[in-house]
Amino acid sequence: MTSHKKILIIDTGGTFNKVYNPISGELEIDKTSSAIKKIASKWLCKFEVINIIGKDSLEITQKDRDIFLNSIKETQHSHIIVIHGTDTMDISASYLAENKLAKYIVFTGAMVPYSIDTVEATANLASAYGYLQALDNHGIYIAMNGAMGSYDMVLKDRVKGCFRIL
Amino acid sequence: MTSHKKILIIDTGGTFNKVYNPISGELEIDKTSSAIKKIASKWLCKFEVINIIGKDSLEITQKDRDIFLNSIKETQHSHIIVIHGTDTMDISASYLAENKLAKYIVFTGAMVPYSIDTVEATANLASAYGYLQALDNHGIYIAMNGAMGSYDMVLKDRVKGCFRIL
Amino acid sequence: MTSHKKILIIDTGGTFNKVYNPISGELEIDKTSSAIKKIASKWLCKFEVINIIGKDSLEITQKDRDIFLNSIKETQHSHIIVIHGTDTMDISASYLAENKLAKYIVFTGAMVPYSIDTVEATANLASAYGYLQALDNHGIYIAMNGAMGSYDMVLKDRVKGCFRIL
Amino acid sequence: MTSHKKILIIDTGGTFNKVYNPISGELEIDKTSSAIKKIASKWLCKFEVINIIGKDSLEITQKDRDIFLNSIKETQHSHIIVIHGTDTMDISASYLAENKLAKYIVFTGAMVPYSIDTVEATANLASAYGYLQALDNHGIYIAMNGAMGSYDMVLKDRVKGCFRIL
């Protein structure tokens, strides 16, 4: 149990990665995973990251989810963190669950962009990382706002603006 | 495994809690756990915290460790995070290990105060939190800088200034 | 010249005051001047502030400008900083200039919200404050991005995303 | 008055420039003016900076002050900001004043290092910058915590931990 697992982070975009564009005045998704790289640099560790889709989760299509599923099937990693927008995190997680993969997969993301306030995004990613290190059953999980468990047990509370255990 | 554990945070001081005093020009240990409270507020969750000792870990005495051990024996919580200075984290962890407690205890802390840069302290605490949620064997563990495992497997590298797996 | 002037800050909204709403996922204008209050608290000084209009400057109407002009005519303060959105800062400044007020008025604002990155907004406000303390001719001025001078000499460069001296 | 002055920043060290060293656990003076460079980058402007002395102001010697005076006499700039530690800012300012230079010189610094909290250091520097742009009498000035004026009128309140007008 104390052996250290190699973890792959698949970064699909979402609020976690939004940055302010001073020219347009809009928040845009950074597709270079710079938030994850900054966390690794400050946490004094290294992450293996791939960046796909790069969308707000409301814009993710079924075609995107197929690309996403393939990237998970193709990687040799069995321990995977998925950074995903919060609005359809449950849909992508359900879709993976239907495919009964022999992997340990933890979804996370953020209610507030890392670029606006570092704490929630950092805590979500790090808690997913810690959870994944100790998990001993294959499955699809969500770790958000200190709530973590099977993907169908951790839900977004759209009124309070955070995730909670069912 | 997906049931959510109640976690107690025992905050003993250390770099994690240091704040700048503009009058003295020195870093001092905040004994009100304000860093932990800020993380909880921004992570959109709640922590149960007790604050004891309140020292730089180089100044922790055997008497402090006895107080610390008693506080762990007395609490009804079986899942505990200990915030501790990094220099003697291994000594306090070994001392608890000798006492063969039927508990799940994860030590963490920070190389950089939360008040100076939020990311490392937040990531250490959140990874300890995630790790503790999924652990299924009693024991004493350390979670620092993305390295986590049994307390005797995760060591401070005093040259590089971070913790690493042995 | 070294006598300290009493300064009024009139906060009309704009990017300076935008904050992230995690429920809507949008940036919204905070109408409580909390950014200015935070700067005063950290700068260890006090500001006198009134908050009017509370709009993105693209949405400011002529009626808003009349309210704005009246608030300047009515106040007994002769030294005034105006926080204003950057897109129509020049229009509101010109409108005041036409009214030939016997006052010292410095417009400022921000390209990046204080809530996203504190530095530019803080520097703009503080430079306006310093400039206003030493000014000795009535007039309408702009202080942005280290450029400061008469309102018709400091312009927004919409390609580079900053203000520059003409 | 609205013509833009070229300003030289002479950075002599002090709290403004302190950074945390995670290996030693101490705050040290950064001698590369990285705080000033970050402010320029985020303020979207450029500064001309020279770095001398690099000390906590309690450690500045008369020999250091002579080097400092010479650097001011030798530069062709007439408009100069001096970043200086707060404890002996008044002594260095008095020493310059005795030398009756035909220059405009504004001292500033910080009660809290830029690396710990950006706002006060940024506001002090930017207010000095704005003040210097509009000054029209030669002299030695201090701009700290929103108080600005002749060097003998702006004093450090060692109890409250900030500068105030006499």
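For reference, chains read A, B, C and D in written order, and residue numbers begin at 1 within each chain.
Criterion: a residue touches a chain if its C-beta (ideal position, glycine included) is under 8 Å from a C-beta of that chain, and two chains touch if they have at least 3 such contacts.
This one's a predicted model, so the numbers in the text were calculated from it and none came from an experiment.
> Which chains are in contact with both chain A and chain B?
Output, common partners of chain A and chain B: nil, no chain qualifies.
> Of all the other chains, whose mean CA position lies farthest from chain C?
When every chain centre is compared against chain C, the largest gap points to B.
> Which whole number of Å gives the spacing of the CA centres of chain C and chain D?
Spacing between the chain centres: roughly 25 Å.
> Indicate the whole-number Å distance between the mean C-alpha point of chain B and the mean C-alpha point of chain C.
Distance between chain centres, rounded to whole Å: 45 Å.
> Which whole number of Å gives the spacing of the CA centres of chain B and chain D?
Spacing between the chain centres: roughly 39 Å.
> Among the residues of chain C, which are close enough to touch at least two other chains?
Expected reply: 111-112, 117, 161.
> If each chain is a dot and touching chains are joined, what shape do you get: line, ring, star, complete or other?
Contact map by chain: ring.
> For the complex, which residues does chain B have touching chain D?
Contacts found on chain B: 15, 20, 22-23, 25, 27, 111-113, 115-117, 158-159, 161.
> Can you check the complex and tell me which residues of chain A touch chain B?
1-4, 38-40, 42-46, 111-112, 117-120, 122-137, 141, 143, 145-150, 153, 160-162, 165
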